[in-house]
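Okay, so chain A shows up in both of these, paired with chain B first and chain C after.
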Partner chain A sequence: MKKYLAKRALLMILTLFLITLLSYTIIRIAPGDYTTLKLGMQGALKTGSISSEAIEQERKLYGLDKPIIVGYADWLAKFVRLDFGRSRKDGRPVLTRIGEALPITLILNAISMIIIYIISIPMGIVSAVKKDKAFDRVSGVFLFILYSLPHFWIGLILLLYMSSGEYLNLFPLGGIHSDWAAHAGSIPRLLDFCWHLVLPVITLTYGEFAFLARYTRATMLEVINQQYIMTARAKGLAEKKVIFVHAFRNSLIPLITLMATLLPGLLGGTVIVESIFSIPGMGLLAYESILSRDIPVIMAITTISAILTLLGILVADIMYSLVDPRIRLEAKI
Partner chain B sequence: MTMTRLFNHANYMTELKIHIRLLSAISGLLFFFTGCSGIFPPKDPYTLNMYLGAEPDTLNPIIATDASSHAINLRIYETLVDRDYDTLDVIPMLAERWEISHDKLRFRFFLKKGVYWSDGVEFTADDVVYSYNKIMDPKVASAQLKVYYIDIKSCRKINKYTVEFLYARPYYLALIFCGGMPIVPKHIFDDGTNFNAQKNGRFPIGTGPYRFEQWDTGKKIVLVRNGLYRGKKPVIRKVVYKIIFDPSAAFQMLKKGDIDVMGLREIEWERQTNSERFHKNFYKLKYYLSTYSYIGWNEARGFFADRRVRLAMTLLLNRKDILDKLLFGLGKIVVGPFYIFGKSYDHDIKPWPYDPAKAEALLEKAGWADHDGDGVLDKDGKKFSFTFTISSGSRFAERLGSIMKENLSKAGIRMDINKFEWAVFLQKIQGRNFDATSLGWSDPDFQDDPYQIWHSSQIKGGSNFIGFSNREADRIIERARLEFNEKKRIRMYHRFQEILHYEQPYTFLFTTPALVAVSRRFTNVKVHTRGLNFLEWQVKKTE
Partner chain C sequence: MKAGYWRLVWREFRKNRLAMGGLVMVILLILTALCAPLIANNRPYIYITGGKVYLPLFYGLIFNGAEYPELKGKDLRKKEYKGFKLFPPVAYSYSEYDLNYIVTPPSSKHLLGTDEQGRDLLARMIYGSRVSIFIGFIAVFIYVAIGIIIGSIAGYYGGWIDMVISRVIEVIMCFPTFFLILTILALWGPSLVSVMLVIGVTSWPGIARIVRGEFLRLREMDFVIASKAIGAVDPWIIFRHILPNALAPVLVSATFGIASTILIESSLSFLGFGVQPPTPSWGDILSQSRDFMDFAWWLTFIPGFAIFITITAYNLIGDALQDAMDPKSLRRK
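What follows is the complex of A and B.
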């Protein structure tokens, strides 16, 4: 096990190195850079040669005059000291900016994921057990309809119907706190916070049931047709026990693969939902930094999600061996 | 905005009513619950809620470039001179008066005495000199300002309340430029830290009518009245700039009363703000600023080097129709680059009409005809086929493109539309790597100087990316910059517009009005040449 972990750690470092190198190169070759974009159309094109001198000065300030490989080396040297540098946008440390955006994204994603898992796994199991019966068919169609509704549309419809006051006035129109919350006690504040999260969570979750439910259904069906299930039934076990103890546990293995995406998924925000509901989370941070070519921020977000993805894969692999003793880790490399 | 139309549909309404009964029961509960603890304090009538579509980068006025930070800094920081909201005359702000030498090179400003930064330190000439030095400091990320002050040879302190700018050459806008330079407090910034990352960028201290109170990242920025402000105190005590990323969500907030002021889109103005309720709650204000849109023809490309071809392109476009279709007729067709209600604009020039027959004749004279009978014009074996390059964010350019494509194809010209992300688009334009494009220019300070966009020296790497070059126009532009007599300058600019009208380097499109909704909670909401100014607003007494 130790030897395995050491090997995996080395591989992870190598992979991470390649990911960051590739990301950095791509950002640097992408057209446009921070300074030109910052100046915009009018600024960037102003009084020709004089302004190009000023722009050149500013590019130097941000190290954009250096070759890509030198720029990457600079970034790497800072990164190994866990220094992600400062954001070009406002000159603040990148980690401060991520620290501001991360908590709300984590909370939103955690709540959404819990809801998605709680609803879709049982639905998948039931669909598998009642294969081709009414429930299976109807829930399947229903989930796929939800799946195909675009987020930006549903988000705006929810706002218009539920919050605008033209139809209903149930929820706030965005943000995560009311103005009064700053001076309120902790319980009203928490309630206010939850009240703000309702619509974003609905928008984040409604489309995600289909995939997991169908996935669970498929793996369950595979297991249900195995001979040991027949054996269990033949032994005269209660159907509940057959399904939940014998079948479900075995169908967990493929689900673990999904765990690998869970960690980085917690961190990633969605631009559309965040922008509709005015939530300053990771999605908007990443989106905005990419559009403005804010290299330190882009690199930090890429690196962190790369690390989490790699960790997620590792955790999933270890979990495999825990759930299914037949899988031996050493053999896997 | 099909969505909104959808909601007005009768079927939806009946369906909705059933839900409403159920949901209002829940909402009743919810309000009972939250209302009980008395945590909904009444809204403060003296607070103005503004809408920001994007978070400002920084509130350091020397580094900031975006519109959001500009709007906020305008209330916190002041400059030496200001411009009258109606007449646009230069008026005193931090300077009580100024002297200009006879050679128009020396600008001496006499500062007001007893002006204090909002932390209580007195404002002096040192702050002005420090700010100038910082703007010109190569280590400071202020390229956007540097270009304005490159002609200043020096900025020096004469005494505690007098500063002097020395220009290398005369320029009629010099007073506005040096008098409008952003000024930051030296005692705060000069602490040895990196100017670009100075913490004051997020905790600004100024001399203006409002002082900074709070910046809640991604959510809001709050200003309150500056107790040390020397001038008349505004009635509005607190200004909250709410950061809302999605304009449709912001529009809902406006209607709900969470935002008091917001610029509307044409469709919102025309279709979604006509209810009685909206009119009862909001003023709808429409006013023109100095902006215009255009189609630029790259003269480095064979077809568009010929004046007759460019003119034909203008004649082939039904601009009135485009204005009606795309902008609900909200706007005016322009013939030149100047502010349509300003003195420089020449109203004697009439826009070219929509005249496909004349266009075809012009094209034929220029040698473009369908020689091989395939429906596409050609000349010397080359087909008239070009690409319309636009930025993917611009809905207007996209829809304009499809109308153009159709109009031009009738005349035998093939046009493709190519969309690029803003950064890529900018690079294509700067590299003059495009055939035709559509963009807009705005001149927020009503400066009127055509040098940046039209002088032939600005073709390479400058704003004259379509490559307009005309000797007479160059001469006019250069002379006008040195002409301090406004009447003479205006005559020059009128001649300049005639040249542009004849040459058609752009197909000038429209100047579109600002469409703004303002809550009727406020009174004395006036529209000035420069737009709205909430410093003068009153709060309506409520019963």
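What follows is the complex of A and C.
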């Protein structure tokens, strides 16, 4: 196990290195850089009041005068010391900005993930057990529709009908705290926070749980047709025991690996959900930094989400071997 | 033998009525996209006046938007121009604005209403289908081609080549792809071509993994070994013998891929990183509607619904193909 973890850690570092190198290169070889954008926005370029010396100075400040490899090496040397530099937008350390945004996105994703699994697994099992019965058919069509609904559309419609006040005014228009919450106690604050998260969580979860429920149903059906299930039934076990002990355990394996693949999708999906509901999380931060070409922040976000994804895959692999002892971790590299 | 297999698949596919509905839907959409200028145009197909026959619509199509010199600047829809006139079903072009009809609900004049510049929404939706259909096909074609080439090299040759390629696939799969696409588009400037290329270049690892797996399985088969024994060269074995047998799962994945590409494109347009105005796209129309959504429901509902229906159609086809190609269902019949 130790040897395996060490090997995996090395591979993860290699992958992370390649991801960051690739991101840095893409950002650097793009036409037009941050300095021209910033100075252009201040109107300095247009009026001609800025000399090329000043542009050079600005470029030097951000390390854009160095070749890509040297610039990347500098970035890497700082990253190893966990120094992501300062945001070019407001001059605050990048880590502080991410420290504010990351917990919000993590909470949003954790809640979504829990809801996705809580709803979809029982739904998938029941559909598989009652294959072709009314529940299976109705839920099948329903899930199929949910799965194909674009989430930015649903987000907008929820916002329009549930919180704009034009139709209903059940939920807040966006953000994560109401104004009054700043002076309130911790319990009302928490409730207020949850109240703000209802619509974003719905938008973020429905597509994934539709996908997962269909997936659970498919894997359960595959397992139910196996001969050991027939054996279990033949020796007179209760149906409940057959389903939950013999069948479900074996259909767990693909569900666990799926968790690792869902994670990057959820992180990407938050860009849209956070921008619709103006939630100050990683997605919105990423969106804004991309718009303003805030390279230190873009690099930090790419790195951190890559680390999270890699960790997710690692956890999935370890759980994989816990659920199915036949899978030996050492062989799976 | 090969024709027999695809005929079996088609026979199985045809039994699924929902999927056939999806197929009809997709064909209709493709026809709409191809014939957009013939369906929505402010010029008549044919105009007969004073013994002369004009074909203004076709004249414009052939001569790149030019008009008959004697009809120049005349809006033939007005009653003052007497004679026989035959207009397309939607007698508006996508860019034509009418400031007397700003954000008007669906009516007999404008079947789906108008947008904030008084442009006919139906005409814009018809032209917008071109972006979705076009990007779906081209981007998926690009990444399926890349995926097949890379996957077959990895699976066929194995060894260190496979090691390197698998690692690259892993790196790209851990990449927060949506961030990457956003970053590239923000830095390089969004356009139809860049959106297509970026989606095409970042989405191939899934296909490559599938093809690699199929090749690993197939390359040990007797017919491949026999082919090697009689001295066939590698490209011949790869393309003539192995690839045709590995195509079924690729086709299923590509069908779902078109659905998700259309979703990604409309998400990008929604965030303002898609095809740029004046070219209409469904995601862009939806995004523009945000400012009026509290009263202009048609601007929010119609583009979202179109995206939803298109994605559903492709997903239905993909689902049915998957079932039809499952060896179990083929053997049963």
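One rule holds in what follows: the second predicted complex is superposed on the first by the 311 of 333 C-alpha atoms of A that agree within 3 Å, B and C clash if a C-alpha of one lies under 4 Å from a C-alpha of the other, contacts with A are read in each partner's own complex, and residues count from 1 in each chain.
The rule is short, and it goes like this: contacts are C-beta pairs under 8 Å (C-beta built on N, C-alpha and C of every residue); 3 or more make two chains touch, one makes a residue touch a chain.
Remember, it's a predicted structure, so these values are computed and weren't measured experimentally.
Trainee: For the overlay on chain A, clash or fit between chain B and chain C?
Mentor: Clash: chain B and chain C overlap once superposed on chain A.
Trainee: Would you check which partner chain A:278 touches, where first means chain B only, second means chain C only, and both and neither mean what they say?
Mentor: The first partner, chain B, only.
Trainee: Applying the touch criterion given at the start, work out whether A:160 contacts chain B, chain C, both or neither, answering first, second, both or neither.
Mentor: Touch partners of A:160: chain B and chain C.
Trainee: Give one of first, second, both or neither to describe whether A:19 is in contact with chain B, with chain C, with both, or with none.
Mentor: In the superposition, A:19 touches chain C alone.
Trainee: After the superposition on A, what does A:286 contact: first (chain B), second (chain C), both or neither?
Mentor: second
Trainee: On chain A, which partner's contacts cover more residues, chain B's or chain C's?
Mentor: Higher number of touched chain A residues: B.
Trainee: Tell me which partner A:305 touches in the superposition: chain B (first), chain C (second), both or neither.
Mentor: Only chain C is touched by A:305; chain B is not.
Trainee: Have a look at where A:150 lands relative to chain B and chain C in the superposition and call it first, second, both or neither.
Mentor: second
Trainee: State whether A:119 touches chain B only (first), chain C only (second), both chains, or neither.
Mentor: Neither: A:119 stays clear of chain B and chain C.
Trainee: Touch check for A:27: first (chain B), second (chain C), both, or neither?
Mentor: second
Trainee: Contacts for A:202 in the overlay, against chain B (first) and chain C (second): which applies, first, second, both or neither?
Mentor: Touch status of A:202: no partner.
Trainee: Counting clashing C-alpha atoms after the superposition, which of 220-228, 346-354 or 418-426 on chain B is the one that bumps into chain C?
Mentor: Clashes with chain C appear only in stretch 418-426.
Trainee: Taking the contacts chain A makes with chain B in one complex and with chain C in the other, which residues are shared?
Mentor: 30-32, 153, 156-157, 160, 164, 166, 275, 291, 293
Trainee: For chain A, which residues count as touching chain C in their complex?
Mentor: 14-15, 18-19, 22-23, 26-27, 30-32, 144-145, 147-150, 152-153, 156-157, 160, 164, 166, 264, 267-269, 271-272, 275, 286-287, 290-291, 293, 298, 301-302, 305-306, 309-310, 313
Trainee: Touching residues of chain A toward chain B in the complex: what are they?
Mentor: 30-32, 35-52, 54-55, 57-58, 61, 86, 89-92, 97, 100-101, 153, 156-157, 159-170, 173-177, 179-180, 184, 188, 191-192, 195, 274-280, 284, 291, 293
Trainee: Could you pull out which chain B residues touch chain A in their complex?
Mentor: Residues of chain B touching chain A: 3-4, 7, 16, 20, 23-24, 26-27, 30, 34, 37, 39-41, 55, 57-58, 63, 65, 138-139, 141, 143-144, 146-147, 150, 194, 196-198, 201-202, 217-219, 240, 242-246, 248-249, 252-253, 255-258, 421-424, 426-427, 429-430, 439, 441-442, 451-452, 457-458, 460-463, 465.
Trainee: Which stretch or stretches of chain C touch chain A in the complex?
Mentor: Per the touch definition, chain C meets chain A at residues 167, 170-171, 173-180, 182-184, 186-188, 259, 263, 266-267, 270-271, 283, 286, 289-290, 293-295, 297, 300-301, 304, 307-308, 311-312, 315-316, 319.
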